[in-house]
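Take a look at the structures below.
Each of the next two complexes has chain A plus one other chain: chain B in the first, chain C in the second.
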Partner chain A sequence: MDEKREQMDWVAAVEVAGEKPPEVPPHGPVVWARENLFSSVGSGILTAAGLLVALVFFKAMLGYIFGADRKWDAVATNLRLYFTQAYPDDQYVRVWVAVGIALALTGLSAAIWRASGRVNGYKLGGWSFGVAGGLLTMLVLSPFSWGARLIYLILALVFVGTGQYLRMSHPKIEVPALSVVVGVLAVLVGSLWVVPYGRHTFVNGEVQPPRPGTVAMTTKLPWTVMLLVMVVAYFVGKAVRDKVSPGLSKGLLVAGWMLLVPFDYFVILRDPALDYGQVFRVDVPIFLFFAVVGSALLWWLSDPERGEIGRVVAGLMVIGAGVFWLAAAFGLSVRQIIRIDLLLLSVVAVAAPTFTGEKAVRRRFILGWLILLALVNYMAMMVNTDSTVEVPGSFPLGGFSLTLLVATSVLLMSFPIGLILALGRTSKMPIFRLLSTTYIEVIRGVPLITILIFFKIILNLFLPDGMSLGNEMSAILGYALFSAAYLAENVRGGLQSIRKGQYEAANALGMSTAQTTSFIVLPQALRAVVPPLVGGVIATFKETSLLFIIGLFDFLRIGYVVVGGQTAFVGSQRENLLFVAFIYWIITFSISRSSVQLEKKLGLGER
Partner chain B sequence: MTGLEARADMIVCEGVKKWFGDFQALRGIDMTVEEREVVVVLGPSGSGKSTLIRCINRLEVHQEGRIIVDGVELTNDLRNIEKIRSEVGMVFQQFNLFPHLTIMDNITLAPIWVRKKPREEAETLAMELLDRVGIPEQADKYPGQLSGGQQQRVAIARALAMEPRVMLFDEPTSALDPEMIKEVLDVMKELAQTGMTMIVVTHEMGFAREVADRIIFMESGEIVEEGTPEHFFTNPTEDRTKLFLSQIL
Partner chain C sequence: MVVIKWISQVVVLILVVSGLLFFAAQAGSNLRAKNIETSWRFLSVKPGIQLGEGIDVNPSTGARALWVGMVNTIRVSAVGLILATILGTIIGVARLSKNWIVNKLSTTFIEIIRNVPLLVQILFWAVVIRTWSEVDFNLGPIHNWFMVSQKGIALPRIFPSTGFYQWMVVVLIGAYVGRRVYHQRETEREETGRETHALSTALGIVAVFAAVGLLIHPLFGFLGPIFTAIGDVLDAIPILVVQLLLSAAMVAAAGLWIKRFLDNLRTPAGLAKLTDDDIFRIIFAGFSALMGIVLVFVIWPGLSAWLIHSLRDFFHLLGDKFEWLRTGRPLDGERPRIVQTGRFPNFSTSGLVITKEFAALLFGVVLYTAAFIAEIVRAGILAVPKGQTEAAGALGLSRGLALRKVVLPQAMRVILPPMGNQYLNLVKNTSLAIAVGFADLVQVGQTLYNQTGRTLEVVAIWMGFYLGMSLLISVVVNFFNVRLRIVER
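Right after this comes the complex of A and B.
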């Protein structure tokens, strides 16, 4: 301790000695330009050449996008088709509820994880200059009318003024980054109410000539509500975050995010027609049986005194559940949910010895089982109930919503499969290693499109009688199995970066292999591979457009085939594709930005 | 430290042999460590000191001979290994703290999940141990934010949190800057005074002389000489020991 105090005295002494204020190094835009753009003759030439190329490129690009002969009406009129295809009007509120749940989770998460990034006035001013620069570039390079140019000029001057004001008068003030984001969103949503974007509609399939004025109420009202939902959720989260344990609230939110996609799709968007007689006659009794018998069994298994016999019982149950599944192939017909519940119970039973301990620990373990069982049974019931959404095709979603559904489901499914494959491939047990390696190498050797076609044509032949997966579901399954192989290789890279000492330290503390893997190895391995994992997420999202080829109505097909085929908008194919590309870019760019934030945040615990 | 009362044997090695491929690292080690005894293992690098103590908690597997820890023989039975590991604490040269967990979580993880202690109890114990190694204020930091000496003291606290019967130290000060060695050795001295059974592999002759009850000198995978520090440093009998001491002192 004394050493430390001495050290601090020494630092203080140095600070007192340095009475002369430090000199400011040369700075300013001219210095910056000289050092970075024109540091030598060669770099000056390269700068000028690069600038010229950029000018020519943007002039061509902007000239094209804002050219007088562009027909953006095709996009503006078909926005709903682009995003949800033919989702019926009278059930459309379900789409907004689905989006609203996601935004509410976003708001809550921002509060619970204390998104506390702050931006100072100097930086804000810089951003303001950036926006002004963009506007001025647009104004100079685009083929605008003089009236439009004037509006752009005024806007640019406002941004220059704001930037200058912030930099000169308030360079040190700090505002939460969140409020900047919400502010920008509020301006965008607010503009729906005041800016005359024009109204583009169909009536009975006939395109109406665009009317002046602001957008329709069915657009601006939901978006306003969505923004409010997000903000309110944030403040709710802020109010409760100090009253609940952070572990619990974060756990609940993570669970919420994982359940979001299946819940939004199966429960909200499909609008399942529940038969309550059937529910109370069959589903509830099955659930209650497994709840009571399963809890009793797990209570018995998690007793610290149980010892070896517990593992034997759990092992026998796994084998039993497996045989029960196989028996289905030989004609033993039993409700699918009973098989699922039995398998679930046996897997949880295997984990039981890990959760032995005090009565309170065991009670939490049983509670976890009941929640898991309830969720699985509820979702299985919803999945097995028919949809009431009537659309031309067999699938309620299409366009961007289908793309999003496929991408998120694929990611959700491929993550656990990929983890297991990666652990299998690095396992000490030869049989697991062989199986995982074979799977990964086989899948990686086959093109994605082949797998998609294969699953579309062949999968249903392998399924038991009376069970069939739609094209969409088999595509999701095939794509998930494909991307799991790539994900496994990324995770394996992370696993290999863990030093031997970490395993040794965990072993020396008496931790079991399962404990070492889940508390020590995986958390570090996943952190190490965040950049390639995000790369994988982006690739997965973009490559959903291959669904086009197997005939699904994904975002690209809606743009290229459906909107492109409308007789009212002949010749607007390029606009359609530009719009599709732009939306893809917005999503992938945001993923990539948030991954940078994530890396920064995780970096703290690393050092 | 040499009490006259009979003490139980804590660790017994009988004819322990270990090969890495064709290279024989241990050539038949016979050694007994009694309860509350502090044994320092010396020897040139590559002499098998680290391998020996790593065999005692089965981080390395010996091929021949017997190792008995607290009456339980080390075999391939997983139950035995995990039981012994949770009773034998180990401190490594490279600390091997878990970089993604706070100091508090580093210390409480194993007591909670291996010893099945309630969290509150584990955290109270962790704070007591951090107090004992002199860094209670660092509990919420991450290992990367601590100096090497502080990290090694956390590693000692982490091992002690399992309430082990034996502590193994594998060159605990070799990776430290000189000014941090003393703070770690002080903690180890204090631990020895409380009666912990310890086996220490080290190059710190001062520590060996002051704290050890017995010194074992190893070379080429064999025990060459063993005895009290006084005997070892002032009156060694073997030529190889004399040569080693003349190179070091």
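Right after this comes the complex of A and C.
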């Protein structure tokens, strides 16, 4: 790898020195074909063979997708089942609110982080040609009627014309990539109002014969609103981004993204039935107590003058909190939230010396504590309140939403665990190293499916009386513990890439080990391992399909078993699997593509 | 500072261990409350299950059933490894091709396969196979040679026959002689610079031995009684001796490790000062050996007996295979046929029948792993600096020779470690067999625990097996890694 990097550096150095690479003379399609397809006899044979393979493959694929006897109705009718399983119709607006929050965050983030990719006219024209080529391939190879072929031909000609116009007249104009994306989305959403995709409905468990016309209002209206929400959020973000400090706005957005999944799931989609009398009598006083006492304690602890006595107090707090937890096992009944808050306070107290400094710094530390406490208490309250959404089965989500929930929660949970494991494995303390190494290697040596089965069937055996986890939650827990081991290995690569000088410099500045790790080492290490981390995200997302095997109603099970088993759509499993594969593909492919952009933005391999 | 570090470590260790003990105790009491006890008895009684395929579809004990599952896992993994490596290498090289269409095709393949979950792909192949034609008496594409149906794919089969083991002895002797000749000729070439055709000569010698072996292999039946005798001798060894030998081996291994560790720390100025970390490592090595001895004598006394009996059975088996002047053919072949035993025509047991479950799983893992291997191969070839190819050209090496002698050996160094990871992934991914009902270890295990309720034990066996496979593959990959490493002076 180093050799490659050196080579690239050398190329970059030449470019900086002003020696432009030799101009490539523009050449026509014949020259291009001779150079790229028929440069030698062998190459010509390869071209012919490749063309044949491509032709057979696409012909079979398109013949299959557009063939007369295919049952795409199965997918079209069951879209809602696919994405949210049996979420009740009268509460469906909750799903849209949850999606809307995510899209609003997307729009805001695009504005705050100044998504600045630009596309020039030449490239846009190339894409237009690509679309035209795809359309032409389709109309030649697919079993279309002649009328449909004519429409495709006209569309293809329009794209060819657009491409030619962009390439010839405006090759240098630059358009923000963002507006291209939004434009494409707008065309797609707009087409819902215009193009007669047909109306596929499912009324009271009965499949209705598809009716002509555009899609149902319950589909096209929300999607239009969603698009508008995203665009409006973008402009709001653009308006406020110069008025707020970038650190604050970015911090808030990151926090928002972290909270998105638990908030969407526990607060919005579950619709917990809060008992407000109970809230004001119990939950609010507990919160206020910890807010006041905790802030005072932390203020005292984070004083730079505090010295050893602060450490002792923090240590005692940890032991106290631990004893308090153990006491529960021996029958001391205290509200769980008090125990959680006490543990939280003790952990933050231990971290206090890391954040000591001037008054402003300490004030920010206290503010952080208050926000954390409020969030934890709020979420704990919401999690502990029963859901009021009535669905068959015990879990309100299913299908794609369950897949997404599992993937995101696993990522959120495995990140801290993996970080700790990686630090443990690279630590100089042998017992920590031994424990983390054993854990990582054992977990990495066994297939995910065995872990999932273990957690599904046996986890509840290991839990104390009266405690149990639903299938979904135990799967998430097992999966998070599994992917933490892989994440730890990725992070370890980053930790090992930090040069010794960094540690020595931090040491020379008088930083403690915790400060060095959190402010010097980890930021650099994590930046260095963005590509493998993204790879891990993709793998985690793809492997949520294994939930199918342990019997959860994830995206794959809905497609393969539920939809494939409906009497109206018997024998539609290939269509359903292709649809599932397509959705997975779209998402993983776009993640991997955007990671390339992210790498460029972070300047990986350039600094 | 050191004291605080150690106190915190010991506290964490105690917490972890007590947490594990707590969970174990909890599991024990919960199991007792449900009237389930952990026991391994299910391994030795007849499970009453029928397996889809494998070396024994009606296993007589639970252990046998799991063994059949393991063999099936190994079978599909081994075939998958070979096919995925070949396909992945081809596609990886194709992705570097200057030919536009070949390049784009392989890119398309990789981008599609890599981004779709493997389980979806396996299920898709299973559904595709279900749409193939039914078995009938003139099934194609090549009747009685290569037949494709929704029951699977049937091919001619070549298998070791009665004289195989005697013949193998001759071939092994040939291989040894060939190896000696190869090294001799290589040295000669390096010294004199003359082309000595080392490889072709060596292969020729092996071929000659194999051919001669076809005639004289019955003579090697005299080995049979010897193997049987070795088995008898092994059987006569008291278990205590085996246990002592195992313990001695563990102590010796720990001692060797400590010695090498200290040697590494030794500088010309004497032994470097040991840090607390180093002392811990030494103590830990000793502790591991001690734990090994405790395992052999106290925790699992049956282990030594099991080891020695397996070894004895192995030699007795070999003794049975060698029989004085047995004149059978070493290898035999059979074509697949179609017979009708029940209501419908089906493949007969002659011939190599790739069942539909095996095929779906194999297609899935091979294509999926090949896509990843292709990327690794591409990255490996790109990692070799261009100057190397140019220098090889300047020395007058032909393109093929430059690729074989200069580029690939260097690329292999980059390719091998991630390739080992992919092999590991492939083996683990075969556990998805459960989705299509292929009787691999996980599927057999699931059937078994559904039958007997021994989930905990079955999961333990799964994990042990896969950990063992991981260890095996890492050892093999590491072996080649060390051999490929640049020799530094």
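Here are a few things to note about the model shown:
We take it that the second predicted complex is superposed on the first by the 563 of 607 C-alpha atoms of A that agree within 3 Å, B and C clash if a C-alpha of one lies under 4 Å from a C-alpha of the other, contacts with A are read in each partner's own complex, and residues count from 1 in each chain.
Heads up, the rule we're going with is that a residue touches a chain if its C-beta (ideal position, glycine included) is under 8 Å from a C-beta of that chain, and two chains touch if they have at least 3 such contacts.
As the structure is a prediction and not an experimental result, all values here were calculated from the model.
Once the two complexes are laid over each other on the shared chain, residue contacts for A:Lys243 go to neither chain B nor chain C.
When both complexes are overlaid on chain A, the residue A:Ala505 reaches chain B alone and has no touch with chain C. Touch criterion met: A:Gln515 reaches chain B, while chain C stays clear of it.
Touch criterion met: A:Val446 reaches chain C, while chain B stays clear of it. In the superposed model, A:Arg527 lies in contact with chain B only, and not with chain C. Once chain A of one complex is fitted onto chain A of the other, the partner contacts of A:Thr356 are limited to chain B, with no touch recorded for chain C.
By the touch criterion defined above, A:Pro430 reaches chain C but does not reach chain B. Once the two structures are overlaid, the count of chain A residues touched is higher for C than for its counterpart among chain B and chain C. Once the two complexes are overlaid on chain A, the chain A residues touched by chain B in the first and by chain C in the second are 1, 3. The touching residues of chain A, counted against chain C in their complex, run 1, 3-4, 7, 36-37, 39, 43, 46-47, 50-51, 53-54, 428-432, 434-435, 442, 444-450, 453-454, 457-458, 461-464, 538, 542-546, 548-549, 556, 560, 573-574, 577-578, 580-581, 584-585, 588-589, 592. The part of chain B that touches chain A in the complex is made up of residues 57, 59, 82-83, 85-86, 88-90, 92, 94, 96-101, 109-110, 113-114, 116, 118, 134, 142, 144-145, 158-159, 162, 179, 183.
The residues of chain A lying in touch with chain B in their complex are 1, 3, 304, 354, 356-358, 360-361, 499, 501-502, 504-512, 515, 519-520, 523-524, 527, 604-607. Within the complex, the chain C residues that touch chain A are 5, 8-10, 12-13, 16, 23-24, 26-27, 30-31, 97-102, 105, 111-112, 114-121, 123-124, 127-128, 131, 276-277, 280-281, 284, 382-386, 414, 424, 428-429, 431-432, 434-435, 442, 446, 455-456, 459, 462-463, 466-467, 470-471.
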